[in-house]
Structure formats: structure tokens, C-alpha cells
Amino acid sequence: MFYYDGKLQYQVRVDTPDPRFARMLQQAIGGVEGEIRVCLQYLFQSFGARGPAKYRDMLLATGTEEIAHIEMLATAVALNLEGASSSEKDRAAKDNPVVEAVMGGMDPRQFLSAGMAALASDANGVPFNGSHVYASGNLAADMYANVTAEATGRALACRLFELTDDPGMKDMLRFLIARDTMHQQQWLAVIEELGGHQGTLPIPNSFPPEEELREVSYTFFVPGVEGVPAPQGRWSEGPSLDGLGEFKLMPGQPFGDKPQLAPPLPMAYAERLQMTAPHSADPASDPTR
Amino acid sequence: MFYYDGKLQYQVRVDTPDPRFARMLQQAIGGVEGEIRVCLQYLFQSFGARGPAKYRDMLLATGTEEIAHIEMLATAVALNLEGASSSEKDRAAKDNPVVEAVMGGMDPRQFLSAGMAALASDANGVPFNGSHVYASGNLAADMYANVTAEATGRALACRLFELTDDPGMKDMLRFLIARDTMHQQQWLAVIEELGGHQGTLPIPNSFPPEEELREVSYTFFVPGVEGVPAPQGRWSEGPSLDGLGEFKLMPGQPFGDKPQLAPPLPMAYAERLQMTAPHSADPASDPTR
Amino acid sequence: MFYYDGKLQYQVRVDTPDPRFARMLQQAIGGVEGEIRVCLQYLFQSFGARGPAKYRDMLLATGTEEIAHIEMLATAVALNLEGASSSEKDRAAKDNPVVEAVMGGMDPRQFLSAGMAALASDANGVPFNGSHVYASGNLAADMYANVTAEATGRALACRLFELTDDPGMKDMLRFLIARDTMHQQQWLAVIEELGGHQGTLPIPNSFPPEEELREVSYTFFVPGVEGVPAPQGRWSEGPSLDGLGEFKLMPGQPFGDKPQLAPPLPMAYAERLQMTAPHSADPASDPTR
Amino acid sequence: MFYYDGKLQYQVRVDTPDPRFARMLQQAIGGVEGEIRVCLQYLFQSFGARGPAKYRDMLLATGTEEIAHIEMLATAVALNLEGASSSEKDRAAKDNPVVEAVMGGMDPRQFLSAGMAALASDANGVPFNGSHVYASGNLAADMYANVTAEATGRALACRLFELTDDPGMKDMLRFLIARDTMHQQQWLAVIEELGGHQGTLPIPNSFPPEEELREVSYTFFVPGVEGVPAPQGRWSEGPSLDGLGEFKLMPGQPFGDKPQLAPPLPMAYAERLQMTAPHSADPASDPTR
Amino acid sequence: MFYYDGKLQYQVRVDTPDPRFARMLQQAIGGVEGEIRVCLQYLFQSFGARGPAKYRDMLLATGTEEIAHIEMLATAVALNLEGASSSEKDRAAKDNPVVEAVMGGMDPRQFLSAGMAALASDANGVPFNGSHVYASGNLAADMYANVTAEATGRALACRLFELTDDPGMKDMLRFLIARDTMHQQQWLAVIEELGGHQGTLPIPNSFPPEEELREVSYTFFVPGVEGVPAPQGRWSEGPSLDGLGEFKLMPGQPFGDKPQLAPPLPMAYAERLQMTAPHSADPASDPTR
Amino acid sequence: MFYYDGKLQYQVRVDTPDPRFARMLQQAIGGVEGEIRVCLQYLFQSFGARGPAKYRDMLLATGTEEIAHIEMLATAVALNLEGASSSEKDRAAKDNPVVEAVMGGMDPRQFLSAGMAALASDANGVPFNGSHVYASGNLAADMYANVTAEATGRALACRLFELTDDPGMKDMLRFLIARDTMHQQQWLAVIEELGGHQGTLPIPNSFPPEEELREVSYTFFVPGVEGVPAPQGRWSEGPSLDGLGEFKLMPGQPFGDKPQLAPPLPMAYAERLQMTAPHSADPASDPTR
């Protein structure tokens, strides 16, 4: 169960409202790198956690923190949309700075749909989409999903930091960037606790190794046409990171043949020719030519 | 530029077609853990790669391999939808095994929209969504995104492996599971090349550390109400993974006040009461009561 | 800011797990009538609240309660997916009850993507979509949006109640149905506080009445072809609900003419004929005939 | 069945085309508050209407009217995109006012995808999404959904009214605002006919009251942490609106325990540690620490 | 403007309700091949029509007809969901045929969200998406889009015909299949009126031919690796269909070089190594190796 | 299987980077008329091809070519986002041309989410959606879908051509426009090979003609209200294009009656009145009035 106190986790101050920056902040609310996503992601991972209870608890703690980040950013959006003189309603639209803001770069739905407040959408107005809530049931996979969310999320916050000169906004972003630093650490610390590369790889580590085709488990395929040099690096030679194999390079090549499908099912109503023409894999012998 | 040979990267064989399994395979084609996603993700990361060229090349190699995986899985879907007797069209719908398959558990759009073939959708028929193509411009963030894709992708392939007894399908999955093993390794090998935790964290590592609020960069906040024990682990004490700090635990608490927004903008047309009532943060003194 | 205690707001017990019911419950989590929606809707209305602070606070209270409902339902999903014998892994897929459950009616992604847990999606696997988070900035409009959410939500919960015989699930639904009763009341109580129909209508009540075309503000148009009887009721005669007009009936009829658009813009590349043919509203005189 | 006459329900005139306003109008066409939504919503409610036929008929009448509103707005968009000189094609892009309009604030897809016409999308170019078509089968729930649509729709129209100085556009909006006034009335008139609060609440009113947990049906829960004052109002004391209970206030508190899920299903391939570590709810006793 | 009469364009009769067929019918309502799509597509093409007025009028006529098809199909869905005995409410869920229908193959949202009626979604419950409304402003392009819609729509209707033995449903589909026949004809008749292949190709035919790279306008590129035979047919030799060129075959090959992007923009926060490492296109000389 | 060489199919050069044009180019990447769509569409049609093998091969060839077009356009986007001075990071945001570009008209996610590179989205930032991948299993339907894609795609490319003065961009578009010319030809050449109108219509041509309601297969219905003239043209008289009928005109009129649905199912919880009121089709006799 959850509780609130109505205060902000960290102060949100806007010295000079900027409606265009309010649009940018939407990415940190409803974007794929945003706070609704991490909030729901950690909460769903927690709600579905099976195995040691402490991970459920940790996920719950941080998922709860992220609700407060949504609150901070939504407040920041609302404050960036304020500040127009109260007499704007009497002006003609063409001289009205609010009109210029709405039509000239802010998210118009912040005005049209929300009356000058935040939306559950990204910086292009695309609504948050729940398919980004990764909760795979595999703890290691989830931790990497979480690192991804916090790494792209911190890159986003750093980029937002560059888009504003507002001291209040910079201050808020300094806090959020630091929290993303911690959260990256935190999920990687779980990986370390699970034994690092050797303890977790390949993910899932519970699938019987003998069931996979080990011949290609450490092979870097290079499907370049003739003459294309192989990209080389840590992945193309030396021991594998899980300690179970040796990397090797191999040109890409087909192990299979050309696929052959059956003729169309009559009740699926292909064109007649598809159903009656000889069904040949060799275009040279094709009687429809 | 890209080339084809029309053969399959690995043999796809279906001994006993199973239309319900054809639906399950859709998750590996158009799902968030699927091959369209990794294919486009690696290609877009490559197309937008800035910095050392070898990463662009490696991404291109593996992105190209993934197109072949879409081809294999689409073929597997088509083959699982075959096998009904050619006389089915004369039967009444109620006795027709194809009708039963379409209405009884396969993806009906594999028949209705595709005439017994694969779709660019997941196992619930939800179309592939391009927002899952992560290409952040930050190499480390992208590598973690790729590990996530391959970890959830391998979990998916292992789960699919359990859903079928078909020797051909199991054989194909053994190959795909092994490739996911390699691809997990490969992206983590880049992280290692970039210097591992200490070389890459926090991501992005190019943001000036002094600009973030370092006091909270290694603090695990526990916003539990009174009496809730703190979840402890590698993340709550000891040196941070980037070697730059020391983890600590702290109860969650607000550093900010209650937010105060301005009254509604007249031209945004709130209700009159919202615009005229005293605007108080203290419900006890609120004259609308 | 938000806090947690890790307990459930109300007990969630499943006596006889039913994977198909787990799919049904998804509608109450990620569906348009579901808890993610109301949770975010009330929170965003609160975060963007302008005007008397008590409404912000009330919305925050109930938005916080709804997070706990997501938690309850996600737990209910996970429990409905349990219970298969621990030896299932050794069975062939065709005899395995888990396989039958996954392929035979449950949401396959609860297994494939989540490893037997809840998703942020609806009963058809369609991900939650943030555009359903209504927070218009107009308190009365928002209250009606909230009533709608709780009315369709309660209908959903009642329908779920009919789909299960499980005493634990029925008990949980009794609680949720009662909460939806209260929440309907609560939002309508705000309308009453705002003055009921006469105090709030038309919404927004702050638009100057003289600016709208009052002649058609209380007219029920019936665009039936000749001979179609007018549907009559409280809306077709008697005083309007806002006390400002009188309902009347009128056949639908055009007040405008046939629209006339300019020829295509050359740089938009219509077909040549569209750009050169005489541009006539009268097909009879059209030289292309 | 449906019929047309090719005329506009109300005159649409644009004195000074404004491509940026054409983008704003998209919200009223394909947005969640827009006309495609209400049109389909009323038609689907009508097509699925069960119970007294007059509601089916009334919904059909107004659903049919709304098609004409889509027509008006699409015409308004097209007209706002006209007016550039016919010689623009010979100019360099950098001096071309159409190019500036396309790249400088209008919806670029109105040019790129539609050749200067309206789209079935909102003001951010997000396509109309059918999940907003509410038709619940419960008449009271649907009426509130309709009031919501018309209340947010009227707020949208009023906000659009502020964004333009064009006399033709203002005239058209005056008509649409008035129609939204009527439609709000109309749906509330049905509620009145159904008996108002006492006749309809709780929605659905056909669920047996004794089956819900009446103890919490009129209780306003306040899950604030210690020290947070309870938001009070009409919802916290006095008789309930359905006349069946008495409102009361209660602090939020868990009636349930900490949830306990079973260990992972082997065939769902969690990490090994999740399957083998003791499964304890108490982090203090957790052997993985 | 639009009008209604409340009757069905063609009789809709269901002799034996089949809830699973009700799900299939959804594809014809809200699917990409469905009636909401063609309805809105023809109406938007009409509303935005520029050039000879008769095409606007024809599109309006057929767009209006399609609304009636939505009405027929929604009615068919509702009727297929009827028929369960009125005493079902007293049975336990496990013996209730309605429960079995809801959980066993019908679209559960037809019950959960709509109370046994149609939705604005496809056969997988994916909501209708407005991006399928093609109205390009180019008449020839639009006609081909319309042929596509009617060709896939007729294939869908034929496939639905195979899934049912119900005489009423077969009768309705016979009508709809015939209408799709006509509508295919109709859009192709416009192409013929525009001059057929030679009059319309390439679409748009108003782009100055000298501006395109004519050397590759009639060349079929075959990017097969060495040894792959070229697929030959009408497209690889002989005069082009527009009468302006001659088809020829050519192996695929790059006309361009390897792309070279600039180093990352500092304010976009790539990893440090991406910004500092020498930026070489030749992996062999890459100092990061 | 697929291969790469890392070179561009055609040179991509940007003389004067233009971030706003980078946004426009997104439509050609991830838009409904864009290259991801045609690439996946042709590949899925190929992967699921049943019937003569040469069509599978041809689709594979062109599908492979389209991957190279995505590569070219993604490169063009990246290059259009370059060129800001390397010292921009030291400037205040308000004087920074990159900041102005991000907030003033480019797709902000190209910076925020991708660090100055392309996205898998359209010009409004709406992610690519896999439902646009048409692969119906009917060759003729698919060919028309492909013509549509190339016709709208070429219109898009022509429109993009008008938005730029950059010689490099114009050169690239000349190539792409020419390829779209060829691809339109190519798909229509298949139709010709299949026998043209008479050989393919109606699509699917394998449905038994006697099963459709031939009386309305060549009838153009005009559901205009009284006085509306019938839009006439090639579609209203003369032989049908398939040579099997004669076009004729008919006013739209209902062949069916008013639909009558059963009363609500008790377990679907309509309002009580819906379940108990007499169920009459005649509003005049309705006792609820």
C-alpha cells in the first residue's frame, strides 16, 4: 500500500517560465526514458517478484521514489507554462504571447487538452505506452532493463540540462541526474550480488546449456559480402565473459536451404494463379514466365 | 547497402504443424523482445553511430544477421499454419479443423489478414511499435539496451522451447538461443572494452560530475512508512561500482515543499470557482468549505 | 512525495488458480477502465490542479489509493498463474497443463514476456495508453471524467465478479466494487459543491455566454430523413438543466453550403488532371465526364 | 442506414488562412476530445443499445450530427492551408512561405501526407485511437462518458476560440460551442430521466448491494502519512448522494498482509538464484545477504 | 451534412449466435481492412478533395454507404453475442456457458468493456488506428489505396464466409462481398478515367520527369549475392507501363561510399570515448583495438 | 539470409545542414509512406509467399533494396543535424543555435532520445506501427498495396524535394523518386502478368461468383437525400472492368429493417431500467416517456 505527504521530494523552482522547455520536459515524464515508465517498471517487477524477498522490497522502494519524480516533473511543466500577464485575455490573438507560445513550439495539447499542465505523453505528444514496462520474471534481465532505463534517462536529463539556463530547472535536474547515477549503480549492484558475468550469463542462466547449439554460442558472424573486413574487438577473440567458451569470428553463411511453403489453403482465397501454377523454386523453369 | 541469397541462416523444419504455436512465435517476431526490434535497433544504432567506426561496423554485422532471424521465424509461422487437408473447403465450418484452429487459439489475423502467414505483430496481435528501437547516441547506454533485448529475447526463446515438442522447432530454437547467448556476450564485451563499470559509469560519463548533486548520487532512499525495514544489499553499503563514492542508506523524505501553482489562465477556461476562490494551500482555511 | 509499507490494502487470496481469469483481470489493470488509468488520471489532475487547494489534496489522496489497487490486482494475476505441479518441466509439452494454459486462453505474454506475472496491458494484451489520462484543467470536466472511469470501472468489476467462483477473488472484488461506489460518489459530491447543474453548466462555465450561438444551445437536432420520428424525452422539451433555456426539437438541416476548396497547390503534387480540369461544383457541367 | 447532401451543417469560412491554426484544429478532429471520437462513440452506443429503443434513436440522431462536425472541421483545416500565391513553386525553398509554414509550426503531415488537407489525427499528429470509443452497455455509464466528451470538447473549442482572430473561424466555433452546450444537457437529461443520483447510483445499479463490501462504500480513505490533514468537503460527511449511506473519513491503512508469491515456475526460466534461494519475506533473515 | 433512417442497408440475421464468430467480425469493423477505415478514408478524401467536384461527390456517396456497413457489422456482433438463457446468472461461473464463451475464445472486452456488443477494434482487440486513413491529396494514389482497402477487405469477407455455417451471416457476407466487388471496380474506373497507366504513371504525374534520375526509373535492381539468379518477369524486360521507358535488369550495387558522420555533439552526451577516440572508417587502423 | 557492405546505395550529401528538414525526412523513414514500411511489407510478403516462386524472389530483391533506403535516409537525417560549432557547449542556452534548433522546429527526440540521429518514427514523432505491413496472402491485393505504398511514397518524396534547396538532398531525392517510379511499374507489371483487370478482378478471384449477391456487384449506390444529383462517371455506366457485368446507378435505400437487439444479459450489468422497461422500437409508445 502507498502513502503521500503532498510535498515534493526536491524543490521545483522556475525563475523564467519557458513554454518550449515545458514541452521538452514531457520526454522525462511520458517518454520511453521517462519517469512513468521506470515507476511502473519497478513496481510491476516488485509486484511480480518471485525468489528472495529483498529484491521485491528494493524494487518497491525505488518504484515508490519514482512516483515522486513524476510529481516533480509535472510540477515543473506547470510552472514553465505560467507567467503570462493576466490581461492576455483581452488582447487579440495575434498579439497574445500565450497564443504565440501555444502555436509556436510548446506542446499545444498542454493548453488545448490540459489547460496549461503536464500530460502523460512524450515531447512529441505521443502518449505513454505500457509496453515499455519490462518485468520479465528473470531478475538479471530485469536489472539490465533497469540499467538501460536509467542510462537513457540520465542521458535525457543531461541533454535537458543543456537546453535551459533557468537556475531552478538546472537545480532540479542536478538532483534527478544524481538519482539516475544511484539507480544505475543499484541495478548493477544486484548483478554483482548475483555473481556478475559468470554468475548470471547467459541470461536466463537456468536453461540447460546442453540444449543450446553451443557451436554458435560464442561465434561472431560477419555477414559481409566479399571484401568487407570483419569488425574486430573484445567480442571476436579471447575467452567469453561467462568463462565458458572462446570467442571466434566466422563469415555469415546459410546453414539452411531456400524455404518452401505449401500452396495456398483454398479457403484463404489467394489469387487463382497462386493456387494452380506449378510451385517451383527455380524461376528459370517457371511456366508463368 | 544490403544483399540476399534467399536461403535460411539455419534450417526451419516443422514436423507437426501447430497453429497455436504459430501464435506464440509471433512474440519473437513483432514483440518487444522480438527480432524486428533488435534488427532495427542495431541498424539504427549503426546508421547513427558517431565515434570509432568499428562499433558502427559491428552493429551493422549483427543488425544484418537479425534480418535473417525475422525470415526464419516468419517461415516457422507459415509452416506451423500448414498441413490441413486440401479438402477442407468442402466441409461445413463446424467440422473444419482450420476453422477450429482460427477460432480456437491461433492468432485469427494470421488467417483473416495474412491468409496463413506471419504478421509484424506480437503474440497478442499488437503491432510492432517503433518506439522500442533504442538508439540513444550514447554507446554504453545502447549496449545495455542491447543486452536487455537479448536477455529478454533469450528468456522468450527458452520459454517457447518449453511450449513445443516438435523436433524441428526445438532445433531452430536451439540455434536462436545460442545466438542470443553470443549477442549478450558481444554487447557486454563492448562495455568491457570501454573500461567496464569504472570506465563507463555513470552513463553518460561525459557529464561533468561537479554539475550533479553528488550528495545523493550513492544514496539508497527508502521511502517506507514508519516501521518498514530497509532492503539491504550490495547497493546499501560499500564502495560504489564506479569507484567514486560510497553507498549509503537514507529514509525517503521530502527536500521540497508543497507545490503552489498560479491560478488558472483565464483563456484556458477552468470553472469559474477555480479562478475566483481564494487559492490556499491549507484546506482548513479554505472558504469553499 | 510517496511512501509504501509493502502490505496490501485489502487481502488478495486465490483458492483455485485460474490462468484464464488472470487474463480477464488484466482489463482492470491496464484497460481503459483500469487502475493504471485512474491512478495516473487522479495524480495528474492533482499535480496540475489550479484553484482551491483542497481539490488537489483530495485527488492526491485517491490517486495514491489507486496505486494500491494496481498492486492488489497484479498480485491477483500472479496468484492465478500459480499452482501447476513443480514437476511440469519434465513432461512433454503436449501433456503439460501449463502449456495448455498458455496456449489455451490465458494471455500468452503473461508467460512469454513476464514469466507468469501481470503486464501493464488490458485483457487483449493491448498496452496501457497514456492518452486515457484525462486532466483537462477544468475541474467539472475532470469530475465527469472521473465518474466515467469509476462507472465503467465498477461495471467491469461486477462483470469480473460473474466470471469467477473463487471465494478469494470474489472477496477482493467486493472490496473494489465498494471502493468504486465511493469514488463515484466522491466526484459527484464535488459537482454538488460546485453548485450542481446550475453552478457548473455549461462546462466550462467561464466562457462568455454571449459568445456562443445561443439559438442552437438547447436545440435537439434530428437529422433523420423524411418519415423518421423524432426521439423524444427530457432533452426535447422543458427547461434546460442549467436553467438558462428551454429545450426544443428541430429537424437537422444544413445552415451552410457545399464546401469549395481551392485547386491543389502545385508543390503538393496532385495528379495533373486535378490541377488543370475546370473546378466545378456541378457534376453535370463537369468537362471530365 | 445513412444519407448525405454534401452541404455543411454550418458555414465554414476562413478569412485569413493560418496553417498553424490548421494544426490546432486537428485536436478537434482526431483528438481524444474530438469529433471522430464522439461520432463513433454515439454510433457504437446506438448500434449496441439494449433496452428502451428511444435511447438508441437519440444516440443515432446525435451520432449522425457529429459526422457533419468532422466534415466542418476538415473543411476548416483545408481552408486554413490555402492562400499561398500560385507562383510559389518557382521560388527557392528558403523564400517560400509554404515551406516556412510546413516546417515552422503547422502539422507537416498535412502537407507531406495529405497535400494540404486534414488528417485523422490530433494536434500533435497522433492518430485517432479507437479505444476512446466508450460504449459500455450500461446507459448511465455511457451518459457520463458522453458528458465528459462534451465537457472536454467544449473546453477545447473555447480554447481554440482564443487562438484565432479570424471572424469566420470564430463564427464556426460559436456554433460548435453551442452544440456542445446542448449535448452536455442532453446526456444529463437522460440521467435525470433515469432518476438522477438516486435512480442511477451506484453505476451499475443492478449489482446486488449485499454483494459489495458496504463498510467501505461511503468511506473516504486518506492515505496520508502522519501529520497530513484530511481533505474535507461534501465527500467526507453528510448523506451519500444515492441516499443509501453516510460519508465518513478514515485514514488509509492496509487490511491485507505482505503478498507472498510462489517460487518461479521452472519452465519460465528465472535466474537460478531466484529458484533456489530461500524464499523469505523478512530481508533480515535473507541468506543471500 | 448527414442523415439517418435507423434501418439497416441489408438485413442482418443470426440464426445460431456464435460468440467466437463475433470476435472474428471485429476485424471487419476495426481492423486495417475494416469498415471504419474505409468509411473515414473515403470521407477524408472527399472532405479534402481538390480538383473536379465529381470525385468529391462520388467519394462522399461511398463513404456514406460505409457508415451503414459499420452499422450492419456492429449489429451482427451484438446478435452473435446473444442467446444465452436468461437464467445464467444463477449458475456458478464454472457451469455458465456465457462465462465459457467470454474466457474461451470470444473477445473478452465485448463482455468486459461493452456488455456484449461491438468495439471499435480488430479481431485481436487492437483499437482502430487513424493512421490507416489514407487521403494523400493525389487522386491516383488515393484510388490505389482504395483498391487495396477493398481487395484486402473482400479477402477478409471471403475468409469470414468460410468460418461460419450460419445462413444469416452468410447472407450478409454475400451482400458485403458484392459491395466490395463494386468498390474495387469503382476506384479502378477512376484510374481508367484519368487515362489508365499512361495517363497516371508515375504517380504523382505532375512532378517534372527531368528532375528524377531517369537512369534508374525502369531498372529492376537485384541485390543478390553472387550466384543468385535474377527474378524475371514482365518487370525485367519490355516497355514500361507508362510507355516512357524500357525495363532492364541490373545487379544491385552501391553508387555511394561508406557514410561518415561527424563526432558526437558535446552537449548530446555520448560516452567520452566516442568523443575522443580517433574517428576512422578503417577498423584495422582503429587505436581502440 | 542477408548480407551488407557498409556502403550507401546512392550518395548522401548534405551541403547545408537543416535540422528542420531532418524532421521532415523522418516521414520517409518511419511514416506510413516510409521505407521501414515498404521494407517490412515486401519482406513479409516474400517470407509468406505461396504459389510461383518467382514472386517470392522478386519481393525479396526489392525488400532488400529498401533496407538500403532506410540506411540512406537515416544517414541524411544525421547529416542534417550536424554542423553546429564545436564551441556551442560553452554558450548559454539562449544563444545556442543547437538549442534553438531543438526547441524551434526539429524533432526534439532526435536530440533528446537519439543524440542527433534518426528515429524509427514519422515527422510528428509517432513511432512506426507494424500494422501498416500489408501481406494478405493474396498476390493481387498485395500488389495494389505495394502500388499504394510507392505512389504515396513518391508523392512524399516529391513534396520533400520542394522543401529543400540543398543540392545534396535534392540529388538523393532524385534517386529515390526514380526508384519509386520503377517500383510502381513493377507491382503493376505483376498485375499485368496475372491478366490485368479481367484476370484478377474481383480480388480475390478465387471466391465462387455465384456465392456473392451479384445484383449489387456492379451497382453504384447514391445515398443522397432527395435532390442530390448522382455523381456520374466511368463507374456509373458501361461494362464493368472485369468484363462480367454492367455498371448501373441506384439511389441508396435500406434493404433491411430496424435492428432489434435482445434485452441486456443480466450478468453484464446494464442499468436496471434497461433490463426492465418494455423494449419497444416505437418511441411513441415508449412507457419511459
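Which chain is which? They are A, B, C, D, E and F, in the order written, and residues in each are numbered from 1.
The rule is short, and it goes like this: a residue touches a chain if its C-beta (ideal position, glycine included) is under 8 Å from a C-beta of that chain, and two chains touch if they have at least 3 such contacts.
The shown structure was predicted, so the numbers you read here are calculated from the model rather than taken from an experiment.
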Tell me the rotation angle, 0 to 180 degrees, that brings the C-alpha atoms of chain C onto chain E, to the nearest 5. 120
Could you give the separation in Å between the centres of chain B and chain E, each centre being the mean of its C-alpha atoms? 26
Averaging C-alpha coordinates per chain, one finds the centres of chain E and chain F separated by a number of Å equal to 7
Shared-contact residues (touching 2 or more other chains) in chain C: 1-9, 32-33, 47-48, 50, 54, 57, 60-61, 64-65, 68, 71, 75, 78, 89, 96, 105, 111, 113, 115-116, 121, 124-127, 129, 131-132, 136-138, 140, 152, 155, 158-159, 162, 193, 203-204, 207, 223-225, 229-233, 252, 254, 259, 261-262, 264, 266-270, 282-283, 288-289
Assign the assembly's chain-to-chain touch graph to one of these shapes: line, ring, star, complete, other. complete
Any idea which chain E residues touch chain C in the complex? 1-6, 47-54, 57, 89, 92-94, 96, 99, 102-105, 107-109, 111-113, 115, 121, 124-127, 137-140, 193-195, 199-200, 203-207
Interface with chain E, chain D side, in the complex: residues 1-9, 30, 36, 40, 43-44, 47-48, 50, 57, 60-61, 64-65, 67-68, 70-71, 74-75, 78, 113-121, 127-131, 133, 135-138
What residues of chain A sit close enough to touch chain B in their complex? 3, 5-12, 32, 54-55, 57-58, 60-62, 64-65, 68, 71-72, 75, 78-79, 82-84, 86, 88-89, 96, 98, 111, 115-116, 126, 129, 131-132, 134, 136-138, 140-141, 144-145, 147-148, 150-152, 154-155, 158, 161, 174-175, 177-182, 184-186, 188-190, 192-193, 197, 201-204, 207, 211-225, 229-235, 240-242, 247, 252, 254-259, 261-262, 264-270
Give the list of chain F residues in touch with chain C in this complex. 155, 158-159, 162, 225-226, 229, 231-233, 267-269, 282-284, 288-289
Contacting residues of chain B [partner chain C, same complex]: 20-21, 23-24, 27, 31-33, 105, 122-126, 152, 155-156, 159-160, 162-165, 223-225, 227-228, 252-254, 259, 261-264, 266, 268-275, 277-283, 286, 288-289
